[in-house]
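Each structure below appears as structure tokens.
In the two complexes that follow, chain A is the common piece, with chain B as its partner first and chain C second.
After this line comes the complex of A and B, so read on.
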């Protein structure tokens, strides 16, 4: 362990190049853009859903002064898109499946005229029965959310039928047989509501055509995915679509995927003017194909007489919402989290992604993991109690460790989970006496490192300064800034001498974007490879001048010198000037990514390749809480957050990720949950009724990074960090609450009302038991 | 049509003659007429604080403040804090303590902090918590912002 919150700032080598413009207000976000002649867009959403569309009449809207374009499905190519399962259209045609479904779009000279015109579009509907309960949606009698599901194009290997959008199972050993032979068997049920990413910036998109080429400024986390979506839906080649991302005001997964870039581009083409769309907060809650999925868990686990896990079976239901968005990989990921980082020899988990008439689910920071960790770790404390073991001891006994075999047959190299348990519990003095109505809950979690293709271009100009052109995207984490550190270390120069071009698909090679905690792992690999090419060129130039072998040249502190002879040296700036008169200093990189390890002995239906993980990340959160028994209000006082995310290259950035994710986790635990009416419409789509944590709620967060040597991961053994700290917080709070109440709160979020109800139920049970005993 | 009203408003020390709808809010006046986009729209109903500015030194959510009420008054936005290339101490502290990630809440957060330190130059941690509780941040978890504002206060004379 080498880094904690108390590491001096001077040792936290973090360079946020975009800082000055963000604190002065001069940085431009997508909504800040103005172009000559720019129009304003507004969408017409479904007035009722689900419903069959009987007709759309746009004539009155189109005739309004100031309206330059009105579009419906008739004005764009008629095709379905979406990764995995092509179930989506830009505009509704015959059916609207959720309240945020777009029927039409308007471009007008002012936002007010656009909104008035959108409202003037006349739509007739035939109401349909809503599917809102994932536990009954698979009944044969349930209405189909997509009656034409069998006609959709799907990726090979996806298992589906009717409202079952996607199914995946993980099986290893013989769980049923192990259950019969077990000493103790515990069954638990947990239900998690959906919730939201809630970036503080509502999304905005602007588009401008020049000839047959379009430039789109979008608040997207994934500009290359956005480009692919535009190209697919408007049927254009990639080299005529340019996506530029101005400063991005947060995403947390909510701005991943392809959303409204094609709508705005199509409007701008039809209006022959630039068009800008800016979402209201309500739209940001209701419309995007992105929210954290509601889930239902039924888990049964078996222990031997010593409290060792022998088997787990489980059923996981996931609310897909009306469209699959990017959620086709959720079932297997959820199944992995329904097992957790434990040594369980026999498992059988079935996970189903189920269509409903809710807003579509999609990747929000560690999709499926906080809910599943909450359920599994709450279940784990029930197991520990059944075994008569302290919850921490139970985890030490059963959690995976270096060179042990995980639940899906992956053998781990050096990992730091057991050390995470030590660090997190020590940080909050686990075991010491606590004040009345206080408790410490502990939970462990895990998360994969995702690998993907990525490229980078680098150039060193005549003054020795460098530009990196990368497909990485900055969404606030600062991960792209870390790329400067990697390049600087290869080139032997100060990172301040390096500028980044990271938000333009026309300039940079492909990158996955700010998604899946991938920037450092994948773009970092590409930047190092590109920087090495320039470093090799510099060594050749220095070798010529210093009459030495290129292999003996060391690049450090702006100087190229002969190894062992610091005085035999030349300034790197001088080498750059020399190169500018001849062969230019250019680098490009895109190295192959690490191979996934093997899952030995595991079989799957609907396999999605997620049963064995490159660079698995581990965490333990230990949370001290205080409960007000009269109101059910929970206060989080202290959080010990310990993480094995491999090597930490940017400590200040890493701490920011942990602190932010813990606060998001506290919100998900206690206050953040979507409330629906019987039609599947959201009842709390605003920040007054959907409560985020504020600065008044901040607990003491004690962070530790465990850094075991990691081979099969990103640069220098880094695994990525943006999602992993969001996994275990809600689970730890749940376990603290269960200690205080005597039983878990089996619904997420664990709102004051639900906590209060659970206290009452527990009290009633105790009273009934006492009464029965007295008789 | 919405009735237009003409009045003068001073923003960051510069007087502007404006001609705005009677029901225009201060946020739209600043962004669309004055041309300063550092003040952000995050929610439109006083819940997030991204649009915080100072009117005669007092913090207001500009999304829910009628523009016409600023006629003849002084408005300070995030663009008005730095002097030439010298960052305001709160701005510098936010950078030094990694209180900035995506940056969208940052202008409003800094304006609230500025208002707090004007009235309470040496705030306790609790006073900072209360003073900034109307400003939502989704990135940082707030700890670095608490550190930054505390540091800026301590560094002041």
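After this line comes the complex of A and C, so read on.
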């Protein structure tokens, strides 16, 4: 890591303001809330799916002692919602499309009574055939998951038809022609299962009304999106809905979006009592519309005689599940990852988001990227082999670099991908001799930096201490905690003098929330802008007292002094006291965000604006693995993770993100995958059968941050970070395995049994070939 | 919630409670977790035996060379107690693989045996070590059962509801003997056996097999003792023998197919586990030290 002594305060120390409470157990989460007279909520989910709803009778449930409210679709405004494609209702009306579909909600005096009442609701169904295979879902004969799809309200430019929820393509040059002229053409197919975010805290929501205003405590990553969802579905103005997030017990994208806040608010209004909903682990697996999507990839690439990429065509199918949730942008993002950070002049990628009767997919940490990177980078090792090149040499030859043109025509400024390749491979001594049954796989990845509006208020009170009011949301990354370091550096004070008011939509201006690795980039920009205003006020006050020009005042270490004259100084606390008797020290920030660069020469059907990226992030993971050939069990021993995420402002937080993401990537690679039955119901919706990696599985992780100067990004050249390290790990493991087996494992997760089957097939092929030669 | 809960102050008090219909609880790692998962509600009446360490918590080295292990001995102690590690190494291997450190701190050998799961990690080890189970009741004489007399199916035993497991006995082992338990694991903690195998072996002075015993985990309704191992006496522990043992294990296994593995994969890997367990047991019989759990030495879940 290239940090130096001149790095600002923010980089040198990092105190998580929320740390002590979380570690000692005094911190409170949404499920801990107890409100006077509070009731408990339970949902009634679909007993079979898909099915047509023939009738629903809540009378027995409503008559049960202790039940104060029972709600169905009849009790809320009849409308469809969801960003991009409004295909969802709070409660099912005519059809249930997946097993986590909500038919009714109950509020009762105890959780047990609520559960019993939910079970007592009588529902009759007519079973429907399930759509579970994305490869046949677009057949004209396939049943429609949404027979009324054509009536839905959708955003302009969205391309869709029937079970094709959303289509997007990217095209540049003439890929077909280039294929014909190529020296080598390789085609590959890869299939990735869906998986889950699995935050440790199952979500909880509580709601309490005061007159016509409601306060909702929710374990959401995106309080402002949650508020928007409540306002849309219950038809309320934003200033009467307040979302507060107590401590959040992890999210990983699974708690992005609007989920159950409106259900609980509606129940509380009907029951005239506060109501709390707490999910079980099974509900956390089955119900939310934030599952990592299953995908199918068909990729064909062409090389010239030197092994240079000439063209890529590809088809990407994405399992949308029963509703679109926030996945309308997935096709183009997946298409970008199906190309990857390579200099390939001719591309044509078609990506389709396809309705099925599975749980809806939605943004989980770097949506579509780990699967797509796994497929593309495994394909890339097949290309390298076809070209007779070492996989690392192949990437050095073909990957983008500073001042080169990427596959969609974006010209890069200073980027660090080639340096990432060096750092990651060096970290695991790539090229050195390895023990038997060990190999090093290498993969590269990329990820955008997302920009959006965000605001912040700041105030310095009479004692010189500061409050930041920010719309930022802490989901465990520590990124919010970094905001006070940014303000401290502007104000010249100790970060410990700054407190933050956050996770409350009534207190702070809008922020995008803990989604898309945006906190530092967007909320950071707002906080710095607000802090600068107070810093300017302090300089004016100091200039008056010191009889100097405001521009010559330096704020540092709690002192305002004249530049070059450290003794001509006044304490910032004294300036704050002075200001408290007159013009108060207040700041507010919401600077415009960077403009996206141009994608020159790229055309798209169903463009979603993702073909050129602000502050593109790059990464290389090199993973040393050992294979137990007799069982197919893989152990990850060493991970070299090198990242260009721009300037690293908070090294401790950044390392934490890489370590956590690598472990998530190992899980996706080896053990985490949803298994469905023929109805599209999950068979492993629990922590015994859905196998997360454990602390005992953690390999040695060697992290490097490459920090090229980055103009078009966040504060001080920071890009995002929370998602980028989740992109390349599974791909690198795949490439290590392919070296050991002689062929890739073409299914994700690469479970022990799948690995063992692949070894067996490889043996069979070798045996058959040998036998053939013998004859 | 159970309607009644008695903290027993003595084994006699616990036996009286069992006689009156209560069920025993020690670590609760099966009972409480099962109730939370909705497998079975907690019994109406519980008698807690977890404070009866004086009577049920010791490991004794008997004059005849046998070991007696109290039913309250927890898995952490089994995996770290030198007597167990040296003389019943397979049991230490199995105990060391159970759940997490928290599970091993509270889960007991008595509970593990009486829960009678075919996937239990101590079961195959106890089987190849020839363990017997001591049952006591308020109403009748003590009973000492062989494991195959105790276990009748997943979660079922021949123990009467009024009987309490007070301990296990492991008979003396001949000189130049060793044992090992291996488990297939997809991750290195919080894992449940997909398949596993234990082996015990005793060798002659010239390293030929005198006795060998193999038992399999999670491939039948109970822990499965492999038949036909008597015929291996007098043979050297070589590739042929290991292949033969792997084949015996795979042939005799009656695995199911489920989320964790297919029938075919289980049948194959239980043979791999049996081969490795026997190889490890034979190395230990020759005085070669292999750490506990031996999973970390034999290819699965290797250490960094």
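By definition in this document, the second predicted complex is superposed on the first by the 764 of 775 C-alpha atoms of A that agree within 3 Å, B and C clash if a C-alpha of one lies under 4 Å from a C-alpha of the other, contacts with A are read in each partner's own complex, and residues count from 1 in each chain.
Quick note on the criterion: contacts are C-beta pairs under 8 Å (C-beta built on N, C-alpha and C of every residue); 3 or more make two chains touch, one makes a residue touch a chain.
As the structure is a prediction and not an experimental result, all values here were calculated from the model.
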Inset, instruction - For A:655, decide between first (touching chain B), second (touching chain C), both and neither. - result: first
Inset, instruction - Mind working out whether A:675 is in touch with chain B, chain C, both or neither, as first, second, both or neither? - result: second
Inset, instruction - In the overlay, answer first, second, both or neither for which of chain B and chain C A:240 touches. - result: neither
Legend entry - Contacts of A:695 with chain B and chain C, given as first, second, both or neither: both
Inset, instruction - Please work out whether A:29 is in contact with chain B alone, chain C alone, both, or neither, and reply first, second, both or neither. - result: first
Inset, instruction - Name the contact category of A:18: first (chain B only), second (chain C only), both, or neither. - result: first
Inset, instruction - Please name the chain, chain B or chain C, that touches the greater number of residues in chain A. - result: B
Inset, instruction - Report for A:684: first if it touches chain B alone, second if chain C alone, otherwise both or neither. - result: second
Legend entry - chain B and chain C contact sites that coincide on chain A, given as residue numbers: 686, 688, 692-696
Legend entry - chain B contact footprint on chain A (complex, rising order): 9, 12, 14, 16, 18-29, 31-32, 198-202, 247-252, 278, 280-281, 475-478, 652-653, 655-656, 658-664, 686-688, 692-696, 698, 701
Legend entry - chain B residues touching chain A - in the complex, by the definition given at the top: 31, 36-45, 47-48, 50, 77-79, 81-82, 87, 91-92, 94-98, 100-107, 110, 128-130, 132-146
Legend entry - Contact footprint of chain A on chain C as seen in their complex: 37, 100, 184-190, 192, 259-262, 265, 268-269, 272, 299-302, 304
Inset, instruction - Using the touch definition up top, name the residues of chain A that touch chain C in the complex. - result: 626, 628, 630-631, 633, 635, 637, 670-671, 675, 683-684, 686, 688-689, 691-697, 699-700, 751-753, 756-757
